[in-house]
Structure formats: C-alpha cells, structure tokens
Amino acid sequence: MGITTAFSTEEPLGGSVVLTKLEAAINWSRKYSFFLYPFATACCAMEFMAVGGPRYDLDRFGAALPRFSPRQADLLMVVGTITHKQAPILVKVYNQMTEPKWVMAFGVCAVSGGFYDNYATVQGIDTLIPVDVYIPGCPPRPEMVLDGLMKLQEKVTKEKWSDWPRGPAPVKMKC
Amino acid sequence: MSTNVTLDKLSRQFPRSVVETHTHRGDATAIVRKDEILAICRFLRDDPELAYDFMMDLTAVDYLGKEPRFEVVYHLYSLSKNQRVRIKARVPEADCTIDSIVSIWVAADWFEREVFDLYGIIFNGHPNLKRLLLYEGFEGHPLRKDYPLKKRQPLIGPLN
Amino acid sequence: MTDNKAFQAWVGTLPADKLKPKKVRKNIELSLWERVYLIEVLRGLAITSRHFFGNLVGFVVPPKGKKRKIPTVYYPEEKAVMPPAYRGRPTLVANADGTERCVACGLCEKICPAFAISIVGDERQDGSRYPGSYTLDLSRCVFCGYCEEVCPKEAIVMSEEYEGLCTTRRGDMLYTKEQLLKPVDQLQKRIDYVRRIYAKCNY
Amino acid sequence: MTDSAKNLHTEQMVINMGPSHPVTHGTVKFTVTLDGETIDDLKVDIGYLHRGFEKMCENGTWEQVMPYTDRLNYVSPLINNVGYALAVEKLFGVQAPERCQYIRVIISEMARICDHFTNIAAGAMEVGAMTVFLYFVEARDLLWDLLEELCGARVTANYVRFGGVKNDLPEGFGAKTAQAFETCRKLWVDVDKLLTKNRIFIDRMRDVGTMPAQEAIAHGFTGPCLRASGVPYDVRKAQPYLVYDQMDFEVPVGETGDNFDRYLVRMEEINQSMRIVEQALARIPRGPINLDMPALRWQSKDDTYNRIEALIFHFKTVTEGVKPPAGEIYSAVEGANGELGFYLVSDGSGKPVKCRVRPPCFPLTAAMPRMMRGRLIADIVPTFDMINMIGGECDR
Amino acid sequence: MIADLTETIVKILFIFSINVGFYAPILGWVERKQSALMQDRVGANRANIFNFKIIGLFHPIADAVKVLTKEDFIPEGADKFFHTLAPFLSLTPAIVTFAVIPFGGAYELWGHPVKLVIADLNVGMLFIFAFASLSTYGVVLGGWSSNNNWSLLGGLRASAQMLSYEVAMGLTLIGVFMVYGSLRLTDIGMIQENFFRWGIFMQPLGFVLFFTCAIAENKRAPFDQPEAESELVAGYFTEYSSMKFVMFWMGEFLEIVTISGIVTTLFFGAWHLPFVTDQMLVSFFAGAGPNGAALLAMLVNVVVFFAKVSFFIWLMMTIRWTLPRFRYDQVMRLGWKMLLPLALINIFITGIVLLV
C-alpha cells in the first residue's frame, strides 16, 4: 500500500511535471495534517497545553490530533528535558514511528540541554535523533511554537521523494 | 540547653547519645549519635507528649573535609502539637551505614532510597535499597562534593 | 469510613473559628433521578451545546469590542500585544552613533545561570573599553532576565521580540554582536521600564 | 479468586506503562502485573526527569538558584520562588516589607489556582471529558496573562528576590484581576455542572485510590490529598507565614480520602484562593516593595549608576553572590500539592552547601502501589492524576 | 428487468456516494470543527489552495492523502493475514447495513414503481443485527493479531462489550416490532406517516435504551474503553498505521451514520415531515405533472431523511465530547444489570398496552 517505497528505489525523475505536481500535492497534504506524538516530559508541557488550548489553537494548523501510538504519528514533538535515563526511550519511540516522520525540539532543554549542563541531562536531542526544527525559549511562547510549526511546514513543502525513508536513528545502544 | 520541650525530653531520655541541641533561627535541632537513631525515632513518635507522627523530610549533607563527613538529617512534625524538630546524625565516610527507620514511618522508604542513590549512605534493614532516581548502570553517587558536575555516563552514546 | 472526629482533637491548639474546616462532601448524594444517567447527560449536553451555539452565533454577530466570541487569536494574522514587562530575546543597546553601550565588564556573563553569554573585552585608542566579540547562545538562554537586572550600564535589555527565533539548524542560534545590536530608540520603552521598576522609590 | 478460577492455569500479564504513556505525563514508569484486568502488583519507577537540581544549586550563587526553583513544580512556579526566598530570608533573619508580603500572597494564591486548574483539567481529560480540559486551560490562560503582565513570563516567572520582588504591581492590576476572575468563575461553574453531579464521573472517582487518614499520615501525605482524608492540616493555617493570618479563608476537608474527595477539595480551594486574592488586593498597603539592604538585595539602578561605592558593592555581590550567615534552616510553605519545605545549609560563602527541597508529591507517588493493589487497570488513570505528581518536583 | 437493474444500480451509487463519499470524510471534519466550537476554539481552518480556505474543508482531504502515502507497517510477530483482514472486516458491515434502510417512500416514475430502498427485505432489522455482530470479529482479530499487549486488552474489551450490547439492543427493538408488527423497515416507515404513530411516542423508553446500546455497539463516547487513549495507548488499533488505521476510523464513522439512519427510521418517522403524508406531498407538487411531482416529492423526502440523520450525528458527536468514559466493569454492569432488565420491562409493558 505504501507508495513511497515504490518510487524511491528508481533514480528520481528530476523535475518532470508529473512527479513534481504529485509531489507538491502530497507535500501539501502532509503539511496540513500532522498527527502529533507529544513526547511531553517537563515544564514545556504546560506551554504545550496552552498551545493546544483555546487561545493559540494548534488544531487550526491541523496538527492537534495527539496520536499516542508511534505507528500513527508523524510529528514527534519532544517537549521538555530529556535525561540520560529517558534517552533510550526517546530513541526507541523514534525508531517505532512510521516513515515520513519529523522531529521538533520544543524548548531550550530539548534543543541544547538548557541550563542543566550536568551529569543527568542529554545536551540536546540532536545528539540522539535527527531534528527538523529547533524552538528556543524556556518555555517558548505559544507564538514561537506556531512560528516553528510554520517553519516546519515550509520545510515539508520543499521535500522530495528521495528524502524518504530516513531509516532508524543513527545512534547505537551503548551496552 | 534550650527551652524547647522536645529537646529537653529527648536529652533527658537519651543522655548518652544526644551530643548537642540548639534552636538556631527558631528550628529545634538535636545532633545524635547514629547508632541509637531507631530508638530515638520510635520514642519521638510514640511518646504521647511529643507524638511526632509525620516524617516530613529525610536527607543527607556532605561536609567534605570535615570528619565525620556525612550528616543524615531528619525533619519531623507533630500534627497534634503543631511542632517541628530536626534530628541530625553524623555518619563517617569509612563506615557509611545507618539504621533505616522504614519500620517507624512508611514514608521513609523512598527518601532513604534517594539518599542512598545520591550520597551512597547504606540504610541497614531497608526492604529494597536500590537506586531510585538514577539508572542501574550509573557508577558513583553524584551529590557527593567530589563527584565532578559534568561527568556523564550516557546510556545511549551522543551522536557527534 | 473514618470520620475526622479523631483528628478534630489537634485543632485544639488552633481555635476552630480560625481554622474554619469546611466539609466538602455534604451535598453530593445523588437523588434517584440522577442515579439514572439521563439527567446528567442532558445537563452536560445543555452546557456544551450552549457553548457550541454561542460560539457559532459569535462568528456572525461578534460581541462588542471583539472580532469574534471565541477567544482564539489567529496567530500569524493577529498578534497579541505584549505587556511592557514581557521578557523576549536579550539584545544589546546601540547608541545613536552605532557604538554599543556595553563596556565588557562581564557581570552578565558571570550571573547568567546557563553560561549563554561569552564576551572578549577590547580597548579603543581613547582607552574606553568595548566588547571585541559578544556571543549569546540562544539555545542555552532561558530568558530569566538576570543579565538585564545586573548590567550597570543599561547595555543589555530584554527586547519584546519572540518571532523568527526558531531555526532548522542549531548553529543559527549562536547570535554574534552584530545580530544582537539594536538601535536605542527601538528599545527605549524597555529601558524606561527597567529604570522605573528598579528606581530608588521601590527600596 | 473464585475457586473455579484457581484451577484454571492463568498466568499474569506484565504490562509496562512506560514513561511515554499518555497517563504518566512522560516521567514515571509503572510495571503492572495484571491478572485479567485487576492489578496484582504495581512497581513505580521514577527519576526520568532527574535533572540534577541540587548539584546545580551547589555550583551556583544563591541568586542563580532562583531560576531553578521555577522549574521544580512548574505548574505553580511562583510558590517555589516565594518558598525559596522566605527560606533565605529566614537564614538572614530578616523580613520583607509589608507591601511585598501582600504581593507574595497574591502571586502564591494565583499560582495555586493555576495548579488546581491544570490538575483538574488533566484529570478530567484522561478520564475522557475533553471539554473540561479546554475550559480550564482557557481559564488558566487568563490568569497567565495577569502573571505575564506582572512578572514578564507566563510560566517560569523568576519574579521573587531575597527581601522583595522584582517589580511592583502594574496599574489597573486589580481591575484586570476582577475581570479575569469573573470569567474564571463562569468556567468554574460550567465544569462544576459538567462533572460534580455526573454519575459516570462519580463512579470513576469515588472509592478509588482511597487512603484513610491514619495511613495517609504514615505515608507522609500533605496538602489536598491529606485534607481529602479528613485531616485539616494546611501550613498557611498551622504555621502562618507572610500575611496569611490576616486573611479569612476556609480549609476544605474531605471524608474518605478517595479521588472524588481530592477533586472536591481542589475545586473548593480554587474558590478560597480567589477569595484570598480579592481580600489581599483590597487591603494592600502602599510603600516600598524591597528591603533596602545591599547585602541581601541588589541595589536600585539609581545607586549603581551614580554612586561608585554602590557600584563596587554591586560588583562584589553579583560576582560572589549574597553571603548569608553560616547555619542551617528549614522553612515550609503550603505548595499546591502539599508542604513544600526548603532545607538550606550555608557556610557563609556565596555558594549554598546544601539546597534541599522537600517535594510534596514525592510521598504521594510512593503510595501509588498501596492504593492500586487489587484495583482495575483503568483506576490508575484517575488516581495518578489526582495525586498530581509533577516530574520536576518529584525527581528534582 | 433492465429498469429494475438500472434502478437498483442508481440507488446503490447514490447511497454509496452519499455514505462513503460524502459522510465519511465530512464526519472527520465535523468531529474536529464541532468539538472545537464546543470547546471555545477554532477547528482546522488553515489548509488552503491559493489561499481559498472555505472553513477548513480541505483538511479532511489533506488527512486522506497524507494517510495514503504513510508507510504501511505490519509489526513483526504479528499474524499478517488477520492483521490486514481485520480493518476490512470492521468496515464492510458498516457500509452494507445501509442497504436495508429506506430513505424515501414509494413513487410512480414513468409508469414504473420506485421504492427508495436498495434491498427491501422483509427481515430488514435481522439483516442489520447479523452484520453488526460481524464487525465484532474485525475488532477482535485486529486486537489479537497485532502482537501487542495494549491491542490484546483493547480487543478483549471490545469483544465483551459489543456482544453484551448486541443482546441488549436486540431486546429493546422487540418492543418496536411488537408495536409495528413487522420487521420490514419500509412498512415501519409507512406506518409512521401520521405524526402520532412515530416511534418516539410509541416507545419512548425503547428509544433511550436503543440509542445507548447503539453508541456502545459502536464503541464511541462514554463507552470507548476498547480504544481508550488514556489507558490502553490506542486500544485495538495501536499497531495499525496509514490506510488500515483510517479504515477502522471510517468503519466507526459509517456506523454512526447507519445508527442515525436506523434511529430515524424506527423512532422519528423515517422520511416524513411531521404532519405531511406522501399523497399530500405529491398533490402539492401536482403542478409539475405526474413524474415531476413524484421526483420533487422524492427529493423532499430524501432531504428530510438526511436532515434527521445529520441531527443524530450532531447529537452523537456532542455526547462524545461531553461525557467522561466509563470504567470497563461499569460498562458491563450497565449493559447486563440495567439495560437488559429495562428492555424486558419495556417489552412487558408494550405487551400489556397492545392487549388492552
């Protein structure tokens, strides 16, 4: 059923009208219907509630349907601090997610470990999984989150077939 | 000696093990020897006049450079007398053990596991003394003053 | 079910009128009619459909003063106005002639809990100090406002900027001096606010 | 187990409600051994949000610890700020001016209202009533706007300082608060109608996760969960701090200590806190909001700009941090989940030797296995929400 | 013969386009928009082609296309055949049951009698019950075959719940059949021509019981234990992604439409306006000639029928977002200890009323 695998094996057909038209249409649809996996751990979860709340409605962008099963989710929103004890779980969830998947680092702790530069905190989740959008702020205002979501939407529109599938996270379990 | 009724009763009851008492900034404090901690706590809880039925907090402090190095601190609260007391027991680094008071207050279970996890003080008689906050493969006890702040032991290696 | 008479005793040390314990459980016994789920379903539907139709009508005839009844702010089109106290991205204040006010004293670098600021001081010919390089790592900054509070020269203030800070590459968040500099007239509102809240009359 | 079920060879199923499960808010792992749907044993594993708070405090000056206290109970950050500032002031043996105490009472109560809003919202959402979640998030947004106007940030306010607060109340704060409270009360009534008499909600919450008063004390319960068991212990009444003794408010007390009582106690506390804020706003005196004591509080900008001695002393206090006299104190504040205690040890230098936080939701989570044995797996949801375990506070 | 064939094919195409083509995607949009309006927020409204937004109607299309191109994942250790079969088993009954529901009366078109129902079986309701129990297999197979603890629990809960509520549903409808004396839905529709013989007046208790059992049968709103997000991650469709996951959803939406159709037919005077009989309608449009009048009357009846169906869909959606979720054992207790006895009492009373 997955159309992606069929196309990516051939040599991409360059800018042929058929493909780009289809590609643009599919990217347009992916842009406006993210199924969210809220990997919420710390204080940013409060701001994540406010973004999903009535004032700054995440659902306007079609992205507010939280799917807690990684199989059905597209956008992994890492919301809050990731500690070393939590890191293997984050990588496992990322690997379980089905292809076209995107990762959004929500808040300074996810981007770089924030001001917890110590023995317990992972210094930025891009040391574990590839990240598409970084949102600074501790916690970021809902406007910054929607700003980040729009930046991700722009990035999605410019993607090509050959970008997918990305495959599992490039980091290996230590022991 | 202070005018605090708890400290008076305590020092009269356990003259040998109560080393010193003071009420700095209004907090009644008693420093005791660590081997009689179980009897003291049971007395504090069961004595009708004191009735300390809440174990509010249990923690440890690392005075690197002083001997004995660690100090386990108990904060108790009496609901009916509306009074607080702080019991401190000094623990040397060489013999880093103290009796567990889980048998007196059930709340102490997790507090002691956390102090063991972060300071390495062993509580004798604790039902399952395992790491609480950190993960199994973590060596060392981070809240000790000699543990470097940024010594990381990641479970899953950083990419770059 | 232990009633709390046993614990009423300790209230003795605290007069009951001061403590004013208030029982919360009195009026929750369900009448027979509520034991059948129907009444509760209808009451719930009444509330939610009141919101539903209120908001539906609220689109057509919005209440006075607002564009629509729903409190939603359509972010990219409508932007909420920030109160003067809001702490956005830290920015360096540039004097009228473009030179920065900062004299590279390093207080903000020292107080920053996230070690996000790093300054390399330098001297001009006339002996006045200025920061050769001033980098602020926005991926570490937690917007706590301490740098603005301790700066003795009013050189760094929290602007009201909160848009356009997201990036697709982590490296872009390292702001150099040029990116941080902002002319003084844009930040005058914030500088006056800082001066007012830390004025002598508050101490 | 009925006898026929005994000779049926049924094994138990071990389920791992891992940290990234909708009910565990991402920071707790339950290893549940199930027999069908009933829980035989529940092991709780926390520490997934242990960010090394104490280690960071020991490596920073006394002021740099203040932003970290925001991230302890991040649902009501201002209560942690006030608690920490009171502890350091107790270490110094000083007291903040009258107006500042009133401001601190106002912001603590507002933070408590936000905490109860968030907790009941999350509890109702996980039991299935999504609409209640959004009503209370909308109400909380209104209060966050007020706090943003006052402190500058919505969640991590970093607003309180030793011996005072960062800035004074903006003009028209009283009027805006009254307006916000009016909408909040309307939404409160909506939610009360939706949930309190709702038979489905009552069936899900009543007699679930019951904790009788005697055992609640042994387990170290404090706050709404202890009051739900019938013990009227509230630090604001038992050992009044700031100006709480001049405020007139009631302490809601439950009877059986089950989830429904906890829900009712929290709903009632929202009303009481609103009453306190209104009283405090009505009686707030004029006057300075900071203590004019350079050794405790950074001096005013007028001094540091103009007088060289003030500037030199400013440099000293900022670089080396405030120097409280050597000693140790324990100061307790009524947090949203219970008694939030700060145990500070100072040796006279600029860095704290020990900055211990007594987390109110830590013993509550420890009692989860006791409350859940023998119940159904669906009971974990309301119980875990009603004890309101906050990752930042429980794991520090 | 050819006329009958063409007529049935036209009706099938009409119903299929209305149901699967219009209602399935629109219900996804309705659920998000309606829940948004109820919760003081705005639903999805930013998907635009050449910034032409039409209040978010592009979002269901965006969802559908995106889900089509998602990686289709079968967990290892899962039983491939049943894993793929399950969504179809839960979707087809929902579509097929609409065949028996009349959406209009009987008319005379160009001398050829037209009955607006695809299959006018005289055992209409029995047909619906048969297919309703088929969808239970879809859910149970889906839960069991995905080799995942959560879906196993979800599947078990679903099977127990659907079976016990089918029993209750069957018993509640016996009262209706006793009153109308036939299982054929078109007859029931015809009898309800005059307003006072509407099902809601004849069988008020029957309506309430049936509506609750139908919601439980469809695993929605207060009875959605099988896919309770907060307890069992995503219930029986935890391991399903892309198109198969959406099939489960479409099955659920179509069952909503079918249930609304049954409720309107049995209790709310199928395709009739309150005090308007078919003859009055045809005579009202007499001006446009016999065929024109029949066509217009047919149109009015169909519109009335689907308006009533949409009202019930709105009602079900509102219930979904208002009420909290039962606990699993409470669902069972409600099903067996409350609805079943009430259904029996209902039959008993109807019996007495009919005899006296």
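As written, the chains take the letters A, B, C, D and E, and residue 1 is the first residue of each chain.
The criterion applied here is as follows: contacts are C-beta pairs under 8 Å (C-beta built on N, C-alpha and C of every residue); 3 or more make two chains touch, one makes a residue touch a chain.
What you see is a predicted model, and the numbers here were worked out from it, not measured in a lab.
With steps allowed only between chains in touch, the distance from chain B over to chain E comes to 2. Common neighbours of chain D and chain E, listed by label, are A, C. A centroid comparison over C-alpha atoms places E as the chain most distant from chain C. Here C-E and C-D were compared by C-beta pairs in contact; the pair with more is C-D. When every chain is reduced to the mean of its CA atoms, the largest separation from chain A belongs to B.
Central chain assignment: D. Criterion: smallest distance from chain C-alpha mean to the mean of all protein C-alpha atoms. Chain B and chain D have CA centres that are 24 Å apart. Mean C-alpha positions place chain A and chain E at a centre distance of 36 Å.
Taking the mean of the C-alpha atoms as each chain's centre, chain A and chain B sit 44 Å apart.
Residues of chain A found to touch two or more other chains are 53-55, 57, 60, 66, 68, 85, 115, 117-120, 126, 138, 141. Within chain C, residues 7, 14, 40, 44, 47-48, 51, 70-72, 74, 113, 142-143 each touch two or more of the remaining chains. In chain E, the residues that reach two or more other chains under the touch definition are 38-42, 229, 233, 321-323.
Of all the residues in chain B, the ones that touch chain A in their complex are 134-135, 137, 142, 147-160. Chain contact summary for the complex, chain E toward chain A: residues 32, 36, 39-47, 49, 58-59, 61-73, 229, 233-234, 237-245. Of all residues in chain B, those touching chain D in their complex are 24-25, 27, 29, 53-57, 59, 61-63, 73, 75, 79, 82, 84, 86, 105-107, 109-111, 118, 131-135, 142-143, 145, 149.
Remark: chain C residues 38, 40-41, 44-45, 47-49, 51-52, 55-56, 70-72, 74 touch chain E in the complex. Partner chain D is touched in their complex by these residues of chain C: 1-4, 6-7, 11, 14, 18-25, 28, 30, 34-35, 37, 40, 43-44, 47-48, 51, 71, 83-87, 105, 107, 110-111, 113, 142-146, 149-150, 152, 154, 158, 194-195, 197-203.
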